[in-house]
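Below: the structure, in structure tokens.
The chains carry the letters A, B, C and D, assigned in the order they are written, with residues numbered from 1 in each.
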Amino acid sequence: MSNHDVASWDQYVEVRSETEALAAPIRSEDAQIQSMPDASPTKWHLGHTTWFFETFLLDGFSGHRIVREEYRVLFNSYYNAVGAQHPRLRRGLITRPSLDEVVDYRHAVDASVRRFLDTASTEELERKAGILTVGLHHEQQHQELIMTDILHVYASNPLKPRYAEDEPPPVAAAEPMRWHAYPEGIYWIGHEGEGFAFDNEYPRHRQFVHAFELASRLVTAGEYMEFMSSGGYQRPELWLSDGWAVVQNERWQAPMYWERRSGTWWQMSLYGLRPVDPNAPLCHVSYYEADAFARWSGVRLPTEAEWEVAASSLPIEGNLSQNGSYRPAGPPRSQNGSGPTQMYGDVWEWTQSAYLPYHGYRPAVGALGEYNGKFMCNQMVLRGGSFATSAKHIRPTYRNFFYPASRWQFLGIRLARDAE
Amino acid sequence: MSNHDVASWDQYVEVRSETEALAAPIRSEDAQIQSMPDASPTKWHLGHTTWFFETFLLDGFSGHRIVREEYRVLFNSYYNAVGAQHPRLRRGLITRPSLDEVVDYRHAVDASVRRFLDTASTEELERKAGILTVGLHHEQQHQELIMTDILHVYASNPLKPRYAEDEPPPVAAAEPMRWHAYPEGIYWIGHEGEGFAFDNEYPRHRQFVHAFELASRLVTAGEYMEFMSSGGYQRPELWLSDGWAVVQNERWQAPMYWERRSGTWWQMSLYGLRPVDPNAPLCHVSYYEADAFARWSGVRLPTEAEWEVAASSLPIEGNLSQNGSYRPAGPPRSQNGSGPTQMYGDVWEWTQSAYLPYHGYRPAVGALGEYNGKFMCNQMVLRGGSFATSAKHIRPTYRNFFYPASRWQFLGIRLARDAE
Amino acid sequence: MSNHDVASWDQYVEVRSETEALAAPIRSEDAQIQSMPDASPTKWHLGHTTWFFETFLLDGFSGHRIVREEYRVLFNSYYNAVGAQHPRLRRGLITRPSLDEVVDYRHAVDASVRRFLDTASTEELERKAGILTVGLHHEQQHQELIMTDILHVYASNPLKPRYAEDEPPPVAAAEPMRWHAYPEGIYWIGHEGEGFAFDNEYPRHRQFVHAFELASRLVTAGEYMEFMSSGGYQRPELWLSDGWAVVQNERWQAPMYWERRSGTWWQMSLYGLRPVDPNAPLCHVSYYEADAFARWSGVRLPTEAEWEVAASSLPIEGNLSQNGSYRPAGPPRSQNGSGPTQMYGDVWEWTQSAYLPYHGYRPAVGALGEYNGKFMCNQMVLRGGSFATSAKHIRPTYRNFFYPASRWQFLGIRLARDAE
Amino acid sequence: MSNHDVASWDQYVEVRSETEALAAPIRSEDAQIQSMPDASPTKWHLGHTTWFFETFLLDGFSGHRIVREEYRVLFNSYYNAVGAQHPRLRRGLITRPSLDEVVDYRHAVDASVRRFLDTASTEELERKAGILTVGLHHEQQHQELIMTDILHVYASNPLKPRYAEDEPPPVAAAEPMRWHAYPEGIYWIGHEGEGFAFDNEYPRHRQFVHAFELASRLVTAGEYMEFMSSGGYQRPELWLSDGWAVVQNERWQAPMYWERRSGTWWQMSLYGLRPVDPNAPLCHVSYYEADAFARWSGVRLPTEAEWEVAASSLPIEGNLSQNGSYRPAGPPRSQNGSGPTQMYGDVWEWTQSAYLPYHGYRPAVGALGEYNGKFMCNQMVLRGGSFATSAKHIRPTYRNFFYPASRWQFLGIRLARDAE
């Protein structure tokens, strides 16, 4: 990870407070459990993001006393270079520390960070500036994970609790899908210049991209229901082999969190269980479903390079977390400019690119080298952020990645096709 | 289940209050989780015991309004005749209702029970008297389960929290084991007469029992450590075949909750992690370990009939829950009479009897017929109660039962042998 | 195991030849595979029974050279005292030795046994006499296993091959079930006197048996179909809890090897796939199904003591392997005497007795102590033998045992009930 | 798949005979079993390749009578468009048809193919020409699978049988690794022009390739042993996260088929168990191991485009199946030209490219569209063929693919690095 943008105490406070504000509506019991192996308890997210600063920023700082020795292990996610980790599958067993104690932990570390920033030498600040920035971007990632994971907790409960009460009005009908054309050429892909980026966005490098077209908006739930009605989940020829196996084994019949009640599809969301809005962007599909839908549609998913080519000239705006909405929304009524809409926010967009190192990729030095590089296998790249992503966190070169069967994140579909 | 002993409101209040007093030291997050498939959350126990009264006693009582429709399923353990059940393995996902809401549920049902007892006709009272009594005995069973299950929660946590603070002093050294002899004969086994008993203790019937001898006290942790030192867990010839498979697969090296730290054995208990007391009764062994220890000792475990023959003439006294101790204690210094000691309380005693119906057994009528009868396969009988069993709940004919690999209950060993 | 009956070379040749005759129709490829974890390849049975003599009888005999060192491990089933075992689940991987080589192994050991019997001192013969006899009874057990296991192989194959061609004619309709009454009393149970018996049939000891009645014949397939038609597999109240879980998980809808084709039930058998004969004894049910059927019938299964009481006065005759039939047959047209029919042969009869040691049980000394004793947990006793059991192998005190979910053996139902 | 090269009857006979010659040393029992889920029995390979012609070539040909209706299902691998498939995991249960019957099946289909070629109209021949060619390439793939799968069978057997007897002499010491440089540029990747290629090699398209260097030869077993000695399997920082999980779960300590005996590494091969030859090309490593070894070496694996760039100018020669050697050999003593050696044959070379569709990829029409396209997820590309690959089957654009944890194929490592 590179960084030319030293985060200030004010930025630190802002991000840390946002996290606590997001967690505030979550009760201690909801924050406790691990409702499936992929998800983590809210409490663990709160502790882990704090552990990150304590471990990587305050390490060796005489003004900080380790809050509790056991937390080194309890809240280590996967950093082998730092030491042992509490087993991922057992995060729900961490009833102690309590939620209150974890919040105390947060505040103790916050106070030490403040002391560190106040007292560290310029040289030391310089040396640790990158870690401070990474720590905040790391925390922004976990802000989104808090939302995806608590939705799974709520969805697992027969009482179907909700995170937020005041659901926005239904989404207006989407305009017909149009196609934006891009010419072939050698493009520069990856991050450079000012601003933070993760190590996996480096180095900026050239790729040959064939002429292609990108859909003007996201696929809607209504369009996906047509796929379902036409037997999409019963037709093996539409699916990748591994995807078809999952469909069979898991008995998938619809996106995650959808359930049929007396002839109508409902979807569990942060606003509770509600009828599927056909105009809303489709959410909670796996790569396999995205790929099958694209095949059924006679087109395909974009590559990550194509997506980046299209996004690089667009402003970073859309239904992002700053909107305060806890669900994907429709495309804006009037578009600004002629590019595709909804490129940022609403739902992450599956690409047909496997998550692999860029040519010339070098992982960050030290334990943070484990942040991204070691996951470059078996996962697919997603782009653009969701309604739960901070506008200060996303950018055109940002590479998110999940296993192709994952569905619990806020994941959707944008189509692409070869140019004629 | 038969009943000639109608429980009063005072008895009801007493048992229900005991449950809440037991649960009081348990924090909401500890009460939330299901730390393994066999165990249930404290909160679930509090809800389920209440559901029992709402479902079986208040059913059809116009003075009661169902507290929440979903609880019918959430808190149904295994009564198919009553309807669907929330899956056992997903009890830890019940973050809602919260602990407070479950306590409210308890009190709402308590108030209705009070109304019912105040207003019901004599005939109706008569008809429901058995259910009220069963409900209280059922709740006493769950009182013990709350303790066994919360210990597993605490033991799963690296911070090793404790249920209780003031640990009693070490146990005095046990006297040498002696043998009490009983003559052969046809004995009456099973319950009869006054007082409550579960349906599985009926009917009282005859069994031929060969002359046998029963050990004067429980096996101590120190005696078991000798078995361990002599290679007990490494010698297949000491084990039942299924037991040896478990030893291999689970890599058992010691009783449950034991761990070795710098040359010393420690055991997790309701008083936290503490060194194993060699004088204390052995606790947390499976049937397989009990059987292997007995074989290593050159003797055997008692049958349940033998145990009952020996117990039938002894007073119901011992280290039971009324003692307020949260661990097994040693035998009393001076024995009352010449019989074996520790027959009641301390730890449940594995017998070599499979849990099967008595000759002439008839399950209770209706849904309560599912209480005991359907479990009469694959489990072994235990007798005598533990330190977590109420003195008002145990009796000489009481048949507890667990799978032979179970260890998380308060389970120990008493030896027996054929008479010469 | 006790033995007062020294087996001769002629008896040895007879049993060993019977095994090879049974295996003769089985092709090398059918004899190769392990079609499920519980079953073993025919080839392995041929090798293992030979290993038994090589290991236990010829051990230390200078006239025998170990045929191949690796066979010590490959063909050891579960005798820890003898050494390591090829993993049970990997028996199907033993492509070498080939079937021919295993037959050679048999003959090499046979020749050594002949030499041993010819040259051993009387004292040595005396010492090993028991082992020789046990080895033959052991081989007779495996004769039956060859048949049960090859049926599973054939049933696993879509081409549905058959073991034998000339199927006997349909079974005549069974007479109505009658009940034979037996008075209460202290009975002697277990083997004594002349003739071989396994160690688990000792010691002969007393049991109090209540008055009971035993059905005059086995339950037929047609009677079981009535249970099925009445929703037997859909009604949890008929099932033990563990059994109901298996019914759900395995989606049992009928006995093993039954399948429904265009409205008719067919059953795979050693004569191939054929329509279920409603008059034939029911075969291939688990204990759970036997227990559920008995409950549905308003009666119960017999205990093993009850069965033995009834059998002890009956001649050992019935549809046993000497009949040359490879399926259960109906009861004899005219009964000899007034007792129940079909007590021997046709199908093994589930009892409601757990497989436990008799009072005073002592396992055989040495490695053969592992033969029976270590399995005395989690299994249920069956009595009487099947059409695949040799008349020279079965007796009134014989205790067979299987896990309650097992179905691939030739297992059926006889009912019992309490005397009025 | 495209095809401008109509296969003749002579070619058909040649390929089909090669298959039978390869299978000839394999005994019927070895040919029967499925020793792990990924592998298939030799007999199944023989049947499936025949089914391929019967299903796709002879479909609708009046001169052919379906040999046996059940074979349609038994020998269908994964073609949903053709109909149901015998479950992949149950291929070892197909004891019938016997090996002889499968060979008869082969010959019956061969005769029909002969008739078809003799009697079909030119138009029909034209229409089916592609299928005939694909069928032969398909069979060549299975020729290699027969070898990889039978090795697993032999390795699973404690007697360690061997496929071939006369092992070639040890490999000479490899020359030091050198690096061949290639300039950056837009390269054409994929097949075009004369000769057969699978659909996944189409369309030929442009990719920008950065300047890179490719190692002059394969990694040797000796070099890999250095990685092992330096703690390669114990250092998580060298591994992809998913790879490290496999190393832990599977307890990998060495390549597949390696075992340590008294201080020396041995490897099971088609010549039996023999000491690892440090000069021989490393074989039987997963992508995870290849990637970790490259990271430990300070370099990386090539992309498939890089590999193809380097290979496109080289002759198709090397240790391929025509050599008649059943193991990887060393590089040739004197190189022909200045390019890297061993690009073809010896072992397949892992690339760091995920198996994905080329830009503009269209699967073949009809059922054969399932041949390659539906596997384009979760797998990595390998290039160059192995000693078990036919020289008539391999080419520079050939894309093989396996899951990153696969090891049982003949898989090895060639290194690459960025140009300075």
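Definition applied: a residue touches a chain if its C-beta (ideal position, glycine included) is under 8 Å from a C-beta of that chain, and two chains touch if they have at least 3 such contacts.
None of these values were measured; they are calculated from a predicted model.
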(message) Strictly by the touch rule at the top, which chains does chain A share as contacts with chain D?
(response) none
(request) Sort the other chains by how far their Cα centres are from that of chain C and give me the top one. (result) A
(request) Let me have the rounded angstrom distance from the C-alpha centre of chain B over to the C-alpha centre of chain D, please. (result) 60
(request) Could you grab the centroid distance between chain C and chain D? Build each centroid from C-alpha atoms only and quote it in angstrom. (result) 47
(request) Mind checking the centre-to-centre distance between chain B and chain C? Centres are C-alpha means, answer in whole Å. (result) 37
(message) If a residue has to touch 2 or more other chains to count, which residues of chain B qualify?
(response) none
(request) Sort the chain contact graph into one of these: line, ring, star, complete or other. (result) ring
(request) Could you list each pair of chains that touch one another? (result) A-B, A-D, B-C, C-D
(request) Show which residues of chain B lie in contact with chain A when the two form their complex. (result) 27-30, 32-33, 35, 70, 73-74, 86, 90, 92-99, 153, 156-159, 161
(request) Could you pull out which chain C residues touch chain B in their complex? (result) 78, 80-81, 186, 205-208, 210, 236-237, 239-244, 287-288, 291, 352-354, 356-357, 359-360, 369-370, 374-378, 404, 418
